[in-house]
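In what comes next, subunit A is part of two complexes: it sits with subunit B in the first one and with subunit C in the second one.
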Partner chain A sequence: MSREYETVIIGGGVIGSGIAYHLSESKSDGILVIDKNFPLSGSSGSTQAWVWVHTKTPSWYGEFSMYSSELYGYLHRKIGDIEFIRTGGICPFFSENEREHAKSLAESQAQVGIEIQVLDRDEVLAREPALSDKVLGATYSRIDGNVNPMRLVEQYMKAAKINGVTYEYYNKVTDIEKKQGSFLVTTEKGLFTCKNLVLSAGVWTHEVGKMLGLDIPVHPVRGQVMITEPLAPFMKYTLDGLRQASNGEVLIGYSREEAGFDRSTSLDFIGSTANFALALVPDLAKAKIVRSFSGLRVMPKDEFPILGPIPGIENLYIAAMHSGITLSPLAGTLISELITEGETSIPIERYSITRFA
Partner chain B sequence: MDKSTIVCRCEEITVEDIASAVSQGAETFDDVKRLTRCGMGLCQAKTCRIVISELIAEMKAKSAADISVPRLRMPLRPVPIGVLAANTASGSFVRSTLAEAEPDEGQEK
Partner chain C sequence: METEVLILGGGPSGLAAAYEVASRGHGVMIVDEAWALGGQLRQQTQIIDPIPAPFTGLRGFQLAETLVERLKEFPVEYLLKHEFIGLFADGSAGVSGGEKILRISAKCFVVATGAAESARHFPGWTLPGVMTIGAAQILINRERIYPGKTGLVVGSSDMALEITRQMHDVGINVIGVVEPTSQILAKDGKIVSSLQETGIPVLLQTEVVAVSGSGKVETVLLSSGNKPGVETDCQVDFVCIDGGRHPILEPFSIMNCPLRYEKELGGWLPSYNGKLQSTNSGIFVAGQAAGVTCQAGVVLTGAIAGINAVDYLENGTAEARESCKQVYWDELKRIESTQTPEVWQARMSHMG
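This part shows the complex of A and B:
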């Protein structure tokens, strides 16, 4: 015997839960989210959680990120406190040739309405006095910020459940069968049938896709982050690679490693990140590192989101992307629109999985 | 312990906070940790691990031995950044989103 739902969402991280919440705003029941562990145990819970726009290129991708970022203020009011702060984002640079690069980025992003100022040394130090006085300048955009990823996913889940969404935790999907007009989803704890199926399993989307005979080009790219003890508030902005959270901890690190599903942290990274931290903010020398963690970025083959219907299999949708924290309000909105109305409010053809064919 | 008893001293997490996470579906120490921050503070669960594991076990009607230990995080005890940096050759793993950005070259839009 299988339990019936209108829509099943595989994966309850920031993207899956974001879709569940947005969909539940217009469809009050019949939505099930299945997670193989408990949400936040994967990529969504191991991130610096910048809501980040201004260095996202090409400009069409920056524009897409900007639309999602703009939804945050509204989301904050709808699902409750997620500790979202639009701090503004600063990318400091330490060589003159980077200034030219910064200027061309500012020009290019201006075409889509992303405002970037290229600050000189005095201007950036006036904004963020904790930065090293060796800094030569920085890009600055007011649009960037950060959020607490734990609160974000928790509030998405709570709001979705209030709207009638059901969650299955610690229940791995083991098989998916396409039937006439429906899907049969086999899990460790039972069978489910649904009309619509959404694949939002993050770094495991490739594995889930195989159950439908699909080769979804997504793989994990590791990032390592280290965290200080809580310090008195001394930094206001989200910096490129470093931010101070509202509880005083400083999160440091931006790295990319091909390490499969290995989520270890490594001493060479910690040393390198410590050097980076001191070069950027020398006062951190005495701050103590309390812990480090690694997370697996959800990396599509060309690094851009895979979002939309999967042609050839009716009522099958995919949402797989890195920067899921930044993009979840928009991804959730767009997939909900597709399921309820069959079309989206902004064009998303560019993000179709068909580009890999 | 009543519901306002603090079980994680670093982050001031109460019995009630743990119960709230468990009622949302959290099963392991790490699940509860991510929702409440218990064990994420300065002591990294060295003080609260056993008492919180026992609480989760009781709420889940399991044995405490069945609640997996929280993931240990380097460097295990707090170490100053200056110390970590001093022992490391230069060169960096750390990237910059600014350096990675590729501004449009006119035709692409």
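This part shows the complex of A and C:
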């Protein structure tokens, strides 16, 4: 049995669902999302979900992140409440030579329109009294915030389905072939054919690429996050590495480990994460940790998004990136522009997979 | 700290596992987050039946005491008031007493952390005074506190009817047991008839529409399938929910053991083979954590897991141990395949 669609999207995480939703705004049917599991089982369900811009460098990447973050203001009006809050972001520093770095960051980001203030010790403590008094200063920007990733993916999916998108869950893509202008996508539950194919399989994009003879340079980088009991609101801003969610829990995490696809947590990292948190916000010593989880960052070889058409195979697109929560509204918009109009409203050549050739 | 077999959970299955390991001369340590051993048996006052010899005729808490007593002649180590919270990168376990994290390295683990009760949801289910049936049992039998004066029980499993009778015995006015389906779910005829003797009615095809009150339970609103459209008010000060139990999964997530859904065995539970061994060969599972629901099975799977842990330590089995395991499996089959054949079948297919 073969089922025909105009566009098949492999992977229904924040990136795949974001693309499906944005594409469905202009094309009402013919879109299928296939996920081998359920859409929050991958990186998108085990993330910190900062919508974070101001420290993203070089500034062309900061600018790209800023455009995406600006789309968030509209997104929640279109797809419903996703608990997006533009809290403002603080990146504190604890040594004098970091102050120089902060100043040059503020200057270079200003050139692309990202406003950053370099705060001195008193200013940062006045804004966020919970911070350690050992802090020497911080960069601060209004633009940063955070979102509830579970809600985000769920609302993308709901809105996409209302627009006519079909979802296949618990169905793994096992092979892909291109024949006479169509992709033949073999899954555990049968064959699908389509004209356009989007690869948005997160850390598994490498594995999926192999089905087409491609070597897509994406690999998993593990991150462990620990979560406190719900605490009375005491932090206003999103800090680099730690934030208080709207339900009062504090999410803490900064580890970056090469551990393949292993998603276990280890107390060694939880211990160092706890020390990191205490150095930043000493009062957390009184908080109870209720759980921890680990997730896999979708890490392209040079850490920048891989986004756009894949040259040599017509109608094949890729969207694989770290910081996919921040970038999903923009990635979704750009890939749908490519599919519907053949060009994008901002240049994306820099993110082409051809850079690895 | 170091041990050969680290047992997580000192309930009946963990205690039974410890006996098999310690009596064969291997080192065992039991970690439990509670301040006493015995697990959920500590508040069970009914006679446990069926149960294999030498445990016949004992009440729940007495069975727990006997299982603890039996270990006294062996050098078993205990770490109470410590919760298993994670693994270190080298595979040793981290347990926390609230302040510090202790590191315990072990050659293998038996996970016997039991089950948690599931809720049923209706408007007002978070009001103080709504509790699980097991919580009511802990209050009356362990803490000697009345959960309330006048109550209602929602659900009709063996455990719910048994505890309803216990509440009646201590002088609590239970106005009824409501069961949404068209039949009593309890399978044990003795439990059903002993409830009937109390005169407490079981209202079939009846559902809780809502619980209300200012700051605590005051009224429950019931609707009956027999009289569509009619809703009845009852004045109560507590409501017990019998929502069944499900294996506690956190230890398995921590240990990266894959989970599978088995409806008959209580929902999600770790995958394990015929040796009660998870996909990680050094981790054995037993008792309610493994989806075993009958009391005999809890003790027997604990014992079997314990012997398998010994096999693991000794890199192979021995004839005496094999025949011992066979006796336990036969016993389990005899009890379970007559009481709850669907559960026995489900476990056989789970073990593959």
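Assume the second predicted complex is superposed on the first by the 357 of 357 C-alpha atoms of A that agree within 3 Å, B and C clash if a C-alpha of one lies under 4 Å from a C-alpha of the other, contacts with A are read in each partner's own complex, and residues count from 1 in each chain.
Here is the rule we use: contacts are C-beta pairs under 8 Å (C-beta built on N, C-alpha and C of every residue); 3 or more make two chains touch, one makes a residue touch a chain.
None of the values given here were measured: they were computed from a predicted structure.
Chemist: Do subunit B and subunit C fit side by side on subunit A in the superposed arrangement, or is it a clash?
Modeler: Once both complexes are aligned on subunit A, subunit B and subunit C clash.
Chemist: Subunit B or subunit C: which reaches more residues on subunit A?
Modeler: The partner that reaches more residues of subunit A in the superposed model: B.
Chemist: Where does A:215 make contact in the superposed view: on subunit B (first), on subunit C (second), on both, or on neither?
Modeler: Neither partner.
Chemist: After lining up the shared chain so the two structures overlap, which partner does A:265 touch, if you call subunit B first and subunit C second: first, second, both or neither?
Modeler: Touch status of A:265: both partners.
Chemist: First (subunit B), second (subunit C), both or neither: which does A:292 touch?
Modeler: both
Chemist: Taking the superposition on A as described, I'd like to know which of subunit B and subunit C A:41 touches: first, second, both or neither.
Modeler: Only subunit B; A:41 stays clear of subunit C.
Chemist: Looking at subunit C, which part out of 38-46, 218-226, 254-262 or 344-352 clashes with subunit B after superposition?
Modeler: Given the superposition on chain A, subunit C and subunit B clash at 254-262.
Chemist: Return the residues of subunit A at which the contacts from subunit B and from subunit C coincide.
Modeler: 265, 267-271, 291-292.
Chemist: Okay, in this complex, where on subunit A does subunit B touch?
Modeler: By the definition above, subunit A touches subunit B via 37-38, 40-41, 45, 52, 55-60, 91, 93, 98, 101-102, 104-105, 107-109, 111, 139, 150, 154, 157-158, 167, 169-170, 224, 228-229, 240-241, 253-257, 265, 267-278, 284-293.
Chemist: Okay, in this complex, where on subunit C does subunit A touch?
Modeler: 85-89, 94, 101, 103, 250, 254-256
Chemist: Spell out the residues on subunit B that touch subunit A in their complex, using ranges where they run on.
Modeler: That would be residues 24-28, 30-31, 34-35, 37, 40-42, 44, 73-75, 78-82, 84-85, 87-104, 108-109 of subunit B.
Chemist: Please output the residues of subunit A touching subunit C within their complex, sorted ascending.
Modeler: Its residues touching subunit C are 262-271, 291-292.
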